[in-house]
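Letters A, B and C mark the chains as written, and numbering starts fresh at 1 in each.
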Amino acid sequence: MTYPNMTVRRTPIDPGRTTLRPPKLPRWATAALVVGSLAAGATVGLVGRLDSRVQWGLIAALVFVAATYGLSAAIEGRRYAKDRLAAILVWACFVIAVLPLASLVWETVARGVPGVDWYFLTHSMNGVLSWQNGGGIYHALLGTVQQVLIASVIAIPIGLLTAVYLVEYGRGKLAKTITFFVDVMTGVPSIVAGLFILSLWIMMLDFGYSGFAGAMALAILMMPIVVRSTEEMLKLVPNELRESSLALGVPKWRTILKVVLPTSIGGITTGVMLALARIAGETAPILLLVFGNQMINGNVFEGAQSSLPLFVYEQWGYGTEQAYDRAWAAALVLIAFVMILNLVARGIARWKAPKTGR
Amino acid sequence: MAKRIEVSGLTAYYGTHKAIEDITLHVEPRSVTAFIGPSGCGKSTFLRTLNRMHEVTPGGRVEGKVMLDDEDLYGPGVDPVSVRRTVGMVFQRPNPFPTMSIYDNVAAGLKLNGVSYRKSELDDIVEKNLRAANLWNEVKDRLGKPGSGLSGGQQQRLCIARATAVEPEVLLMDEPCSALDPISTLAIEDLIDKLKSQYTIVIVTHNMQQAARVSDRTAFFNLAAIGQPGKLIEVDSTDRIFSNPSVQATEDYISGRFG
Amino acid sequence: MPATNKNTTTRLGDRVFSTLSKGSGIALLVIMAAIALFLAIRAVVAIREDEGNFLTTFQWDANADPPVFGIAVLLFGTVVSSVIAMALAVPVAVGIALFISHFAPRRLATTIGYVVDLLAAVPSIIYGLWGALYLVPHMTGLFLWLDQFFGWTKVLAYDGTPARSLMTVGILLAIMVLPIITSVTREVFLQTPKANQEAALALGATRWEVIRMTVLPFGRSGVISASMLGLGRALGETMAVATVLSPSFLIDPSLLESGGGTFAQNIASQFKEAGGTGRDALIASGLVLFVLTLLVNGAARLIIARRREYSGANA
């Protein structure tokens, strides 16, 4: 097919395009602009008698953005100026976000380290008043470990089996409904899970506060995370594997147990550990259901217990310097606990990851 | 206005791996040059060095010269963005922008010009390029629909229209038909034949019949072994390469003895 | 997924296993239904006892006789603090996600991506502790400055008292949800088809234009759903708000000065003093929070599902 009078070419549509070497800001321009803006910020600060260095910095930053954009637009053109502006803003976002998060980690470590020692880890708060030094988190650590373990004992089987159902058996409406509600369940605020167990277990069935009650709430928070991550992992198992096993005459349930689950066990473990790390830091349901205790209570099924996050909250609430010190120290232990779980989980993920050709 | 390309001593790396080594050849304006050779011989890499797309790949690095008429693409102060504006590219798999309509796909490059077009002007350019890509009649009633709704062959012609709309000097095509059925392939080959009166066209292809059908000159690339850099074996008029090549390896490849 | 063949006789093991796994799935649904049911039962009791208007009363005296309480202040505080958090967090999160996916050198990008994922796991009580003991005193300067220039708006007026206000809560929530929004958004941005980005580059687009043409349109619904997930977290956040906010049952026009409250914070703060009706009242407010987060999360899921449909062309 040809079109008469139809040529592809037209008059040049972009008059600025005659060269491959458009005018560019030299490389040192950025450095010069940084120095210039800092100088401008300092000048304005001195002249205007601004005593906050933060304000100097902000002025310098604004000058830098405006000057870069203006200069680039004048020399390189608007397109390139926008490109530069975008790069600056994206870097700025990064810096803005890093500052508070770095401060959070720094404060926790710096204020927490002095308080953490062997005594702190091995003693409870029994008999220690808020304005006194000493005391420790043994009771809280014990509570956290027990509650998290019990929560996992409840949540992991249900979570795993649900994921198996969704991937291996699930069809039609039921599976779709479950998938949807698993998603929704991920978003249930922890305090709502706590209120639910409160109204069912404590108010209606009239049980007392206990680690177990808290563990049930934690299990509710943990289940959807386990389902989600396990589901993702099971979906990664290639169908050929299942089919070749079924073709050998292995019944389906044994295929799942002996072929599918072992293949994805690494990823599943990672998901479970991340879920553990998540619930280990939950405070709200513990506050409602485990109530808090200054003494060691090793019985998870009866009587109030403590937990690490709850301990932090309580110590913060006392409002004395000694209590703040304990709060930071406990916060550091909690962060370390959660981070170790995370790092191990990610380590497993990397170690068990299917080797790709990269 | 199509430009001549002259490459000398070009070597390209991925990190420390040398992908192609010391390539020297020239490409005539208003003609079709085909790159053929076995998989992994670096012909696509070489093609991507011609519009500085190679350096987009992490670790991608180039040594040597690529002259576009009298300007070195890798010279100091050369802006890769301007290079790519001048040297257009069509990819192996059709890749229209999925979130844009057919119309917007063709107009996409123009909107980058920094020049604002009147609606009627834009309409004209879109229509002209779609007609030139032999696609107008098939899509004129659904210009507002997403480009991803077209068939593979139509999508590839849409991509060609998108590339020609910014009026490049050179059009690079990286196995443009390898993902298409024979009928769509034929449509694209017709189109290449028509476009060559306006552009310098370089096409990488796995299909030797295609090289023989569409190209004026053919370059044969080969590599000594897996992991070794690809090299240019010979380049000559297509007739000669396919009838009487001067290197034995070329003849072996063309007659299907390997590769 | 292998289809179950109904013609074969199912073995006992198969039947047991499939029943078990199906049962687990159903158990999950039952739990969700039970949450709604049990909260609703107590909520109905509470609202019957309420001598005030549950929706409009600016007061929380649920333990008094007669009990008078309403969620107006809590709803206001929850929504306002979450909106502040989103307004601050979403643009920055998109920026960081772009930084990781398209701007940072590769090494740095991988490291930052990893750190962001780790930060998403920091327990909220630690944000709360940091917020109360570090962020609150450091807000005074900024708030005084805001007051100096925008104090006349009343909304940004500030009297210099400790900044345990909805604004500080909003800022803290923004910092808290930043990692999760960044993490999800980055994943979506990284999935932008390379073919499309190269197409844009080959047309002579600058890096920003590539992002405008391909990454942002492709990732738009991902950003929206990530924000909704973040919003869901911000709405339900308990400890960080409970430590930072100095609550009151008035709606103060100034967001910078102490006062206000949120659903979750109110439950945590009042729980230990609450008796029979008091607890029911807290559970009733929890039900409202539950519904609120359900709506937000449901909307996020719908957006994700829609996106799957129209990007099915796997371009």
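Rule of thumb we're sticking to: a residue touches a chain if its C-beta (ideal position, glycine included) is under 8 Å from a C-beta of that chain, and two chains touch if they have at least 3 such contacts.
Keep in mind it's a predicted model, so treat the numbers as computed, not measured.
Chemist: When you average C-alpha coordinates per chain, which one falls nearest the overall C-alpha average? Tell me, please.
Modeler: A
Chemist: Among the chains, which one keeps its Cα centre farthest from the Cα centre of subunit A?
Modeler: B
Chemist: With chain centres defined as C-alpha means, what is the inter-centre distance between subunit A and subunit C in Å?
Modeler: For subunit A versus subunit C, the centre distance works out to 13 Å.
Chemist: Just curious, how far off is subunit B from subunit A if you go by their C-alpha centres, in Å?
Modeler: Using C-alpha averages as centres, the distance is 45 Å.
Chemist: Could you state the distance in Å from the CA-based centre of subunit B to that of subunit C?
Modeler: 48
Chemist: Scan subunit B for residues touching two or more other chains and write them down.
Modeler: Correct list: 82, 85-86, 112, 166.
Chemist: Which subunit C residues reach two or more other chains?
Modeler: Touching at least two other chains: 206, 209.
Chemist: Among the residues of subunit A, which ones contact at least 2 other chains?
Modeler: 79
Chemist: Using the touch rule from the top, collect the residues of subunit B that touch subunit C in their complex.
Modeler: Interface residues on the subunit B side: 51, 53, 56, 58, 81-82, 84-86, 88-89, 91, 93, 95-100, 108-109, 112, 146, 148-149, 159, 162-163, 166.
Chemist: Taking the touch rule as given, give the residues of subunit B at its contact with subunit A in the complex, in rising order.
Modeler: Residue list for subunit B touching subunit A: 1, 68, 71, 73, 75, 77-79, 82-83, 85-86, 110, 112-115, 125, 128-129, 131-132, 134, 164, 166-167, 190, 194-195, 198-199.
Chemist: Name, in rising order, each residue of subunit C that touches subunit B in their complex.
Modeler: 106, 193, 195-196, 198-206, 209, 213-214, 217-218, 311, 313, 315
Chemist: Tell me, which parts of subunit A touch subunit C in their complex?
Modeler: For subunit A paired with subunit C, touching residues are 52, 54-55, 79-80, 82-83, 85-87, 89-94, 96-97, 100-101, 103-104, 107-108, 157-162, 164-171, 174-175, 177-178, 180-193, 195-196, 198-200, 203-204, 220, 223-224, 227, 239, 242-243, 246, 251-254, 256-257, 274, 277-278, 280-284, 287-288, 309, 312-313, 316, 324, 327-328, 331, 334-335, 338-339, 342-343, 346.
Chemist: Sort out for me which residues of subunit C touch subunit A in the complex.
Modeler: 1-2, 4, 11, 13-14, 16-18, 20-29, 31-32, 34-35, 38-39, 41-42, 91-96, 98-99, 103-104, 112, 114, 117-119, 121-130, 132-135, 141, 145, 175, 178-179, 182, 206-209, 211, 229, 232-233, 235-239, 242-243, 264, 267-268, 271, 279, 282-283, 286, 289-290, 293-294, 296-298, 300-301
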